[in-house]
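Shared chain: chain A. Partners: chain B in the first complex, chain C in the second.
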Partner chain A sequence: MRIINLIKGDIRFQFKYGFYLVYAVFTAVYILLIFVMPLVWRERAAAIMVFSDPAAMGLFFMGAIVLLEKSERVLNSIAVSPVKTGEYILSKVMSLLFISVVVGITIMLPTGTKSLFASVVGIAFGSAFFTLCGLIVAANISSLNQFLTTSVPIEIISFLPPIFYLFGYDSMLMLIHPGCIIISLISGNSKHLFLLSAILSMWLVVLYFIAHKYIRKMFQNAGGVSL
Partner chain B sequence: MIQVVDLSFSYTKNKFLENISFEVSEGEIFGFLGPSGAGKSTLQKILTGLIKTYKGRSVVNGIESKDFRNDFYENIGVDFEFPSLYEKLTGRENLEFFGSLYSKKLRNIDEMLEMVGLKNDGDKKVSEYSKGMKSRLNFIKALLHNPGILFLDEPTSGLDPNSSRDMKNIILQEKKTGKTIILTTHNMADAAELCDRVAFIVDGNIKALDSPHNLIMPKGASKISYTYLDGTEKTGECLLSHTSGDKKLQELITSNRVLSIHSSEPTLNDIFMEVTGRVLQ
Partner chain C sequence: MTHWKYKRLWISFMQYINQIARDAMLFLSCLAPVLYGLFIKFGIPAAEKFLTGYYSRKEVLVPYFIIFDLFLVVLTPMMFSFASSMVILGEIDDGITKYMSVTPIGRGGYLISRLVFPLIFSLLVSIIVMNVFSLTIISLEMITVLSFLSSVLGFITSMMVVSLSANKVEGMAITKMSGISMIGILLPFFVSARIQYLAMILPSFWMAKYAMEGKITYLILCIMVSVGWILLLLRKFMKKII
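Take a look at the complex of A and B:
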């Protein structure tokens, strides 16, 4: 099954290139930080940490991963293989989703959450959402500088409203913003779980089609030979 | 195996490839020769189905290139000029990963590594490989799923003479198994040795297409050059077909005064320059 092999390949790639080691260190630091905070801050602090890092790691890491693949020219070989654009995207999403959920749970468990299930759903949706954003950006850039300048506006738009939402601007209108839904779920809010999941699913579908368009174009540019 | 008819393509309003037509038979080694920017890369993108907005026809293995589905690539192998490998994975891990993307039965990885002299290096990280070792690994990566059509881009580039010889022998061996091979190279000696036919591509057009032998022979007859002493060492030259008419040569032979005599044929490079007005090497 090609998609399973692709996901296994991506996980091996992320392991060999030290992504897991980096996250083991980050997770330890996050847990330490949470435990030195006053008790009343812990729950919100954990939600923000999980939202801004394990859940959103796709945005940061996808730039690095795709740039590495571009610099090592492996995209050339993938472009002329039976791998479909959708399989490539799905593999990236699933491989990062796996580590996001593991790291997110590791941070959330010691602090406690109202609903672990809602938190896991939030982390998973957040990971997929930000990985797709990261793929869209990464497909269109060729250097780390370009990635940073392009991803910063996305970070601001994605991160600020959810933090405001968490600190009291919790009107229903805010739930149009996918980041607000994700942080709400991560913090253990299981109310309207099905509806919120449906809204996030629609966001993912839209992002998937945009990512598909740009990744396909990226393969077309990569797959030739430089003669 | 490959039929291209009146193929045209442009990135802008100006035509980049224009009225390209050629056929490649099953089991043939067909060479593309041309300077950078001539259109070879674009032509290959069309043949491999990555560019679909062309005019004319490009049929590979019975399927129009713009209609390729992904399973079409099960039968295509591409060896890029520059290695396309995960540097932090071992040679074997790279082969295992890229092989796992195909549903076809793979060739034996150990045998492939041994074939290109990497038997003892399969478990080293690719980042520890030399340029030549990466080229050889990249080459067998394209062969691993036993494709019927191979696109080879400068396969001997960066290799030492022994490895280059081995690589050419493997290419000829793969041809014997019935593979159709599209070879792109700047190395005219390789093209002349390996290719059944070559196409000279310049400015998006095919300027000449034939076997290396047929291109060379009508364009320039063999010459002989000779040296002799006449106070100082001097050089003479005449066409091989006109030796009897060269009085000086006759005289030198009769008086045993020839110091050296050599025959030479124009190379494919000479013919390329003559036909296209460009230099490849």
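Take a look at the complex of A and C:
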């Protein structure tokens, strides 16, 4: 029950701060852009747009979310409440996953995808992956500019190989890279779905433990003193 | 303004520079235009060579070279605008702006040290970057005017982000939203019908028209639209920093 309330609280927070409005506008712009493109480009363009924006929104917004929680003393309250570190992480992941999947499907549906199920799985994994990366960075920074400069290298490492992969450099070796698997799933490739999901799950478990370590440390240091 | 007034503004500006230097944002703001410049200077002509061979056409990307230039000219001010917005939002959240407004710097001085000075700095970087990496042969006057217009655009974007957001999260959402204004650069090139004038409230639209045709009317319209935005946002911005 506690986790449901946390997720609801996070979704309410995201709604209040305009995430849903921003993404309503961006969804319309993306669909418009896709439809003015030549037919042969549409599928790839839609996959890149969904991968780099709604799926990766956690990496873009997490710094601001955590910093605001720090300055509003929300983290101090959470630290002394029965909420566990894992629940805090899960709530952030699930709330952003919800909006990512809704926006991602809305963009993918009109452009057409080979397998909607694979696309949804890809967006969900992508969202969780980038939110966990965002949380790891956010737990270690003290300003938004610092968050941006730290997240840029992660964005380059996460975004460039998948784009090369999508444009033809599709060696099996590339599938070690989580971004390549995610973009492959988002573009509707349902081949080896189970295996690819298993690889991504392993990545998520690793990232979860790293995020857990840093978020726990952040809670212990809330208020400027080590608890 | 007396000498000591300049001095305190300078000190406040140096505090800002220290902040963004500490976060490596200063380095990134200067590095990003250079990397993009290298990409367009060497990557785009190479891509053009490949595409003209592949499609057996005389030119493919050449008519759009100026778009790459326009994105280059707005990149530096946009990076500094983002850095300024985030510093200001952080200072609002931490209550520092309230203290600043009762110091001899005042609200006006705060605006100058956090927005005007950074954009003068970005204007200089922009002129240098454009001179080195510009794809189309345009004059120094044109480069200076375009750099000035994009610095004003960065100023407006920062004012908008700070004025319309109540905190850092809303600030990020509005920063993302403000990215749509860059569509004004593309419209004159890709939408020939009158429908393109729907973007007439965007300074970037008139800037692109001016870069395309060089007509002074477009330059005046760009300045008028920009001044309109500044007047619209100034009062809200000033209220926000107390």
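We take it that the second predicted complex is superposed on the first by the 222 of 227 C-alpha atoms of A that agree within 3 Å, B and C clash if a C-alpha of one lies under 4 Å from a C-alpha of the other, contacts with A are read in each partner's own complex, and residues count from 1 in each chain.
One rule holds for everything that comes next: a contact is a pair of C-beta atoms (placed from the backbone, for glycine too) under 8 Å apart; a residue touches a chain by one contact, two chains touch by 3 or more.
Because the structure is a prediction, the values reported are computed rather than measured.
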{"item": "Touching partner for A:Val74 - first (chain B), second (chain C), both, neither", "value": "first"}
{"item": "First, second, both or neither for A:Lys213, with chain B first and chain C second", "value": "neither"}
{"item": "Chain B versus chain C as contact partner of A:Tyr17, first or second or both or neither", "value": "both"}
{"item": "First (chain B), second (chain C), both or neither touched by A:Val25", "value": "second"}
{"item": "Partner chain(s) touched by A:Lys191 [first = chain B, second = chain C, both, neither]", "value": "neither"}
{"item": "Which superposed partner A:Val152 touches (first chain B, second chain C, both, neither)", "value": "second"}
{"item": "First, second, both or neither for A:Phe60, with chain B first and chain C second", "value": "second"}
{"item": "Partner chain(s) touched by A:Pro82 [first = chain B, second = chain C, both, neither]", "value": "first"}
{"item": "Chain B/chain C common contact set on chain A", "value": "13, 17, 72"}
{"item": "Touching residues (chain side chain A, partner chain B) in the complex", "value": "2, 5-6, 8-9, 12-13, 16-17, 72-84, 219-220, 223-227"}
{"item": "Chain A contact footprint on chain C (complex, rising order)", "value": "19-20, 22-25, 27-28, 82-83, 86-87, 89-90, 93-94, 167-174, 176-177, 180, 183, 190"}
{"item": "Complex contacts: residues of chain B adjacent to chain A", "value": "32, 34, 36, 38, 40-42, 44-45, 48, 50-51, 70-74, 76, 78, 80-89, 93, 97-98, 100-103, 141, 151, 153-154, 184"}
{"item": "For the chain A and chain C complex, residues of the former touching the latter", "value": "13, 17-19, 21-22, 25-26, 29, 36, 60-61, 63-65, 67-68, 71-72, 143-146, 148-149, 152"}
